[in-house]
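Each of the two complexes below includes chain A, the first together with chain B, the second together with chain C.
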Partner chain A sequence: MRPDLLLRGLTRALLTVAPLAALVFSSGCGGDEYATVSAKARVNAKSGSVWGRDLANGLGLQEWELCSELGAYDCISEAHRITLGGVEPTVLGIDEPLPNASVSAPIAVDRVATSACGLRFDRDKAGGAAVIFGPVLKKDNDRAREDVADTLVRRLLARESTKAELESLVALYDTLAPISTDLTRDGAVGMCVIVATSTEALFY
Partner chain B sequence: MRANLLLPSPRSRWGLGGAIGLSLVGWFAATTGNTQPTGPASFCEVYPDAPACASGEVACTACHTTPPSLNLYGADVAAALLPDQERPLSSELYTAHLGEALLAVESLDSDEDGVTNLDEILGGSSPSDAQSTPAPSSCVDEEDDGWSLCGYDPQYAYKKVMLDFCGRSPTIGERQAFAEAKNPTSALHNALDECLDSEHWRGKHGRVWNLANRKIGPLQAIKSGKDVGPIPLADYDDDYAYFVWTQTDGRDVRLVLTGQTFVSARVDGGVTVYEEWDRTPDEDFELRGYDRYQAVVKERRAGMLTHRWFLMSNTMFTSVPRTTAAQAYRAYLGYDIALLEGLNDVPGEPADYDSKGVGEAACAACHATLDPLTYPFSRYEGIGGGVGDSYSYSANRLNGFTDVDGELVAETPEAGVLFGEPVEDLIEWAAVAANSEAFRRATVLDYWKLLLGEAPRATEQAEFSRLVRDLGGDHGYSVELMLHDLIDMEAYGAP
Partner chain C sequence: MTQSRRDMLRQLAALAGVGAGASLFNLEAIGQEAKDPRFLIVLCASGGGSIIDGPLALRESESANPSTVNCFPDSLVTGWSGSPFRAVDLSSDAIGPIPAPFSVKPSDFFGRRREDLMVATLTGTSVNHQVAQRRSITGNEAWRGRTLQELVAWQYGADAPIPNVHLVAGMGFNDSGTDASVPTYARRQIVADPLVWPLSLDGGRGVQGGLSPEVLAAVRGHRDNQFEPKTRFDQIFKSSPRLAEWKNLRGAPQAKIEDLDLITRLMLAPDGGNFPLGEYGLGSSPSGDAVRAVFPDYATDPLHAQAALAFLLLKYRVSVSVTLGPNFSFVFKEGGEATNGLPENSVLNPPLAFDFSHQGHRAGQAVVWSRLYQIIDGLMTLLKAEDFGDGTSFWDRTMIYVATEFGREKTRPSGAQEWGTGHDLNNGVMVFSPLVPGDTLLGGVDPDTGLTYGFDPVTGDPDPGRETAEAEIFAGLLGALDIDTSGSGLPSVPAMRRA
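Right, the complex of A and B next:
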């Protein structure tokens, strides 16, 4: 299948299911109905470089490998630098991060996460010691998918997963099944993108 | 205690007595052109128990969006202030009746969020922001989710320290190790010490480096040295390196205004190394060449205020370099004169030595402060126009401007006034500035906003004020010691 069509299909599928999974990850404790409320409600966004570093550490990649636009411009330090909360004082005169996320910020985040998660999957599939996706590459069943989901939460969010989170992530496969021609890859990368772009991964 | 209100208070906790003694011109700029921003202090004399008054003065934003524009609450106060009286009000009328106006709008709900203005003021929220309401008086945290929402949470603070200062999340193993630490406070401060040495925090283009962006105002097109621009005039790398150096390794942060050496930054094996250096202008010229050398002799140096880039980009070709002084006032002392902040009229000013017409009433409101603030900068050469080498100190510099700005410009004194205190020259100016409460406040505020994403909330004023006080006391002007205190505060460590 052509990569662009695959990406389009995956994106469409994620658009369908991501909001459901996002509900689970927005509270970090099993769904909105369980969300605890902070009296301070002070939330900072990770800058692109910090989020990218966490993503690279979690996926076992180098920061410069995460994503590159046109194969030439690093997504975080160059192409989407300002969009992802960076500064560029010497040429653009942007001395501080934008006070509010731009409309393209979610797109940039999705691009970086999709690229990085895809790269991790392809590396794991290529052989050697798999970092994250080994279980589904060995035998793609519910148990393996849950193992991968658990690893993703542990590595990308640095905490134990909850049952609700694992069920929600694995449910992604049900939505993808009718439209995917490579369910193992689409499901695994999709779970990874959902965790990597969750509220908990992007803010602190 | 509430003082000198013309109306008796129905609430015994405020009482009466004393005298406000206010010079309330300027809080509402419509009253007079001779501004004097004492309104915030008067507000706190009326509401001494308000959290926003913990430091003695409420922020201008209690009543203004950007002064003199009023916010919702300020507009209600203004409407209640002698409504039948013709505008602009005299300062005397304004002074005498402000208290009545504040009382008159207490029961209103200016921002229509369901909480009266009085309850918002006393509860520590903004009466002009519908999104801001007093915090619940009691905190309930029944969820077993690993976070303590009702107060300082060491686990949360640890994660935040790692992200803020190290630039990465702790791993699950590190979090578990922290959770099992016998002394979490010690573990937290050890983590901070480690992260204060990270490239993310103190490296080239790191967080401290970027904290200087607004102070330096870099522009690559006119940069000299590395990454030279098409019109190389000065190298702001000197400024960035010096700034980071003053903020790190426990150094006295006042050096940013008073130091007389320079600092270079080089990256060695992925680590930025800062090295202090001291050369005469001639020596630096020989070593680094015309486009980069620092031209001020040592005894006339005042930290970043006399760096080549600062003089080039602010003084440029002007005789009385008001832009330079205004930028110093804004960047290092936190007062933006364009926003009517930090005005302290000096009698007899502005003298208008350079014949710019600043004595006009509309201009004098600011220039009575700005011009005497500027005189000590007037002997430092900009790009051109004076009598000496560019960016150097020339005692008779203003003689070079008489053909453009008139004969009187040569009589501009070098002595000036900062915060009402006479200073002989820029060296004294910098010393007064560096030892001021304003400098400590601006320094702490920079880091507060960097780490918490916003200025202190009303309920956090007490913690903020303590940091400001202690920076000049227990912290010995060390930013790093101040940060150790900051991460222990509820403002930082409560999720």
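Right, the complex of A and C next:
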């Protein structure tokens, strides 16, 4: 076949398929029904320092403020450094991140996120310009909760939220209602922990 | 293995699909049932612990070449009637070029502990540190590249929360095996800092401004079951083995760790000072006083901290295999009066541990061996005192394998009392355990050359024409630990098993 005819044929085929592909992949807000499955599923874990930086940026905190064990050991750079995939070649001789997740890594992640989200809530409550939790602190209703949920997804996952995600996050309040003594705080901090420790926040 | 674990793994295998994830949860591989457990402690003689500077020391009067072979003045060597072992009590005003006086007295240790000591000679296949270390735990890849620690964890650790813990890192002793069929739970878990690591064993306790346990549990459940499945990320990458592994850890292993209150039980530090545990609603281990009494330098000496945590990991049935040892960092004990150079016995670990022998063989070996003897002695004390619950002690089912990496050159400049040595394939290993023949030497040493020779693997009779291979030591250790090696093709070494 002549090269020019082959090229023309391929161009026509692409023009035919392109709109359909655009429809399938342009999910955007509310487009979760078009989610596809990655055949290769190549996913890597963020190191603790990268995740911590993302978390600090998202919550408007300094990295060293995120979490401190016993008020003395920075969670990311000291206490859980190796557990969260960091390295320490000088003293410990660990010059490569652990190849597999440490058994206590998900627990350490929960500790860091709970501490950081709790601090963000308490600061927002203390006054000044609230960074995330202002709406529920002003009036704790479904609308305010959804606003906070939306802010959390935008700030911690750096993307638009979907309707299903927002509904899921707000539904946390129903789950917590029977067991919480401070639903406003527990619900808000809980939504924050959920987003901050989701696989999307921890892997790339 | 419990039914719940099988079910969980089956579900995860289904979740992971038939792609790469399947290798993480190979159900075919998980065939061995947990039996009456045995415990393995791998104590790493990092840098090359020379067996003829330890229990197989030579007297000058025994050798035809006393001035050039690494042997000791007879007056320094202590022996015991009927025992093949010796101890060299040594003191000096320096460790090679380091002006640090030291005095060691291993005769006390061997006098107390030799009844549970077996030494087996060995000729390795590498004098590269990393390679030789790895071969110390795989028998030179004798059984599909599985490590001793993995095999013990596999057979005895199915119900333990963290069966295979490594308290020292960055060495070949800490390598993972290369057999992908070894179940995930039996793979090594690195614990970098024994003092603060327990703080990562509970998601909520001690977190300032945290959530109550009930609320945290609900939040976790909501995340795992409600929010995450709705994210595109989770949907698109749901077949990722890494995500499957992460979700697995969030499940049964996490619950098991938190339910056992390991944040308390494994906390070495007492309340107060740098560890204001009480202020954060936490507490020290119920066994804290006992382990701190035996390993008092836990706060400043990493090896003491490792050993203290090793005992707690076994006592609370968290692990069945624990690996520990000095790394290559310099460890100095502050305090003490210095009269000439540094205070006496202030250098706990010379740089490079046993490999300091390049600069000062005799002193380096003496100081680091003494350091390891202290750790063994402490662990034996604690384990012997700990009731297993059936009238036996933990020690009755424990093996301390002193993995020596490789030996050192056997010769010295004529008459030298201090010199430097290179690496040598020829050496031996120490095993402290009631599971091996006690006060027993398998093989021997040629006093004229300082070289060790082998033994008959079945009878244990010394055989000067034979060398012991790494695979034989590996197989012998597994046999003593009653590990099922059927189908492995490993040699049979019944001589290493107590009758």
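FYI, the second predicted complex is superposed on the first by the 169 of 204 C-alpha atoms of A that agree within 3 Å, B and C clash if a C-alpha of one lies under 4 Å from a C-alpha of the other, contacts with A are read in each partner's own complex, and residues count from 1 in each chain.
Note that a residue touches a chain if its C-beta (ideal position, glycine included) is under 8 Å from a C-beta of that chain, and two chains touch if they have at least 3 such contacts.
Note that the coordinates shown come from a computational prediction; the quantities given were computed from them, not determined experimentally.
Engineer: With both complexes superposed on chain A, which partner does A:L202 reach: first (chain B), second (chain C), both or neither?
Structural biologist: Once the two structures are laid over each other on A, A:L202 reaches chain C alone.
Engineer: In the superposed arrangement, does A:K46 touch chain B (first), chain C (second), both or neither?
Structural biologist: It touches chain B, and chain C stays clear.
Engineer: Once the two complexes are aligned on chain A, which partner has more residues of chain A within touching range, chain B or chain C?
Structural biologist: Counted on chain A, the partner with more touching residues turns out to be C.
Engineer: Per the contact definition in the header, classify A:V91: touching chain B only (first), chain C only (second), both, or neither.
Structural biologist: Both partners, chain B and chain C.
Engineer: Which partner does A:R154 contact after superposing on A: first (chain B), second (chain C), both, neither?
Structural biologist: A:R154 contacts chain B only, not chain C.
Engineer: Of the partners chain B and chain C, which touch A:L61 in the superposed model: first, second, both, neither?
Structural biologist: Neither chain B nor chain C is touched by A:L61.
Engineer: In the superposed arrangement, which partner chain does A:P106 touch: chain B (first), chain C (second), both, or neither?
Structural biologist: It touches chain C, and chain B stays clear.
Engineer: Which of the two partners, first being chain B and second being chain C, lies in contact with A:S38: first, second, both, or neither?
Structural biologist: In the superposed model, A:S38 contacts both chain B and chain C.
Engineer: Do any residues of chain A touch both chain B and chain C, and if so, which are they?
Structural biologist: Residues 36-39, 42, 44, 89, 91, 93, 95, which sit in both footprints.
Engineer: Can you check the complex and tell me which residues of chain A touch chain B?
Structural biologist: Per the stated touch rule, the residues are 28-29, 34, 36-40, 42, 44, 46, 49-50, 53-54, 57, 87, 89-91, 93, 95-96, 154-155, 158-160, 204.
Engineer: What part of chain B is in contact with chain A in the complex they form?
Structural biologist: Of all residues in chain B, those touching chain A are 135-136, 139, 141, 143, 145-147, 149-150, 159-160, 163, 167-172, 174-175, 200, 210, 213-214, 216-221, 223, 227, 236, 452-454, 494-495.
Engineer: So in the complex, the part of chain A that touches chain C is made up of which residues?
Structural biologist: It is residues 27, 32, 35-39, 41-45, 67-73, 78-83, 88-89, 91-95, 98-108, 110-111, 114-115, 118-119, 121-122, 162, 164-165, 168-169, 171-172, 175-176, 179-181, 186, 189-190, 193-195, 197-200, 202-203 of chain A that touch chain C.
Engineer: Which residues of chain C touch chain A in the complex?
Structural biologist: Residue positions touching the partner: 19, 161-162, 169-171, 176, 187, 189-190, 192-193, 196-197, 199-204, 206-212, 214-216, 218-223, 226-228, 230-243, 245-247, 249-250, 253-254, 257-258, 274-277, 279-280, 282, 327-329.
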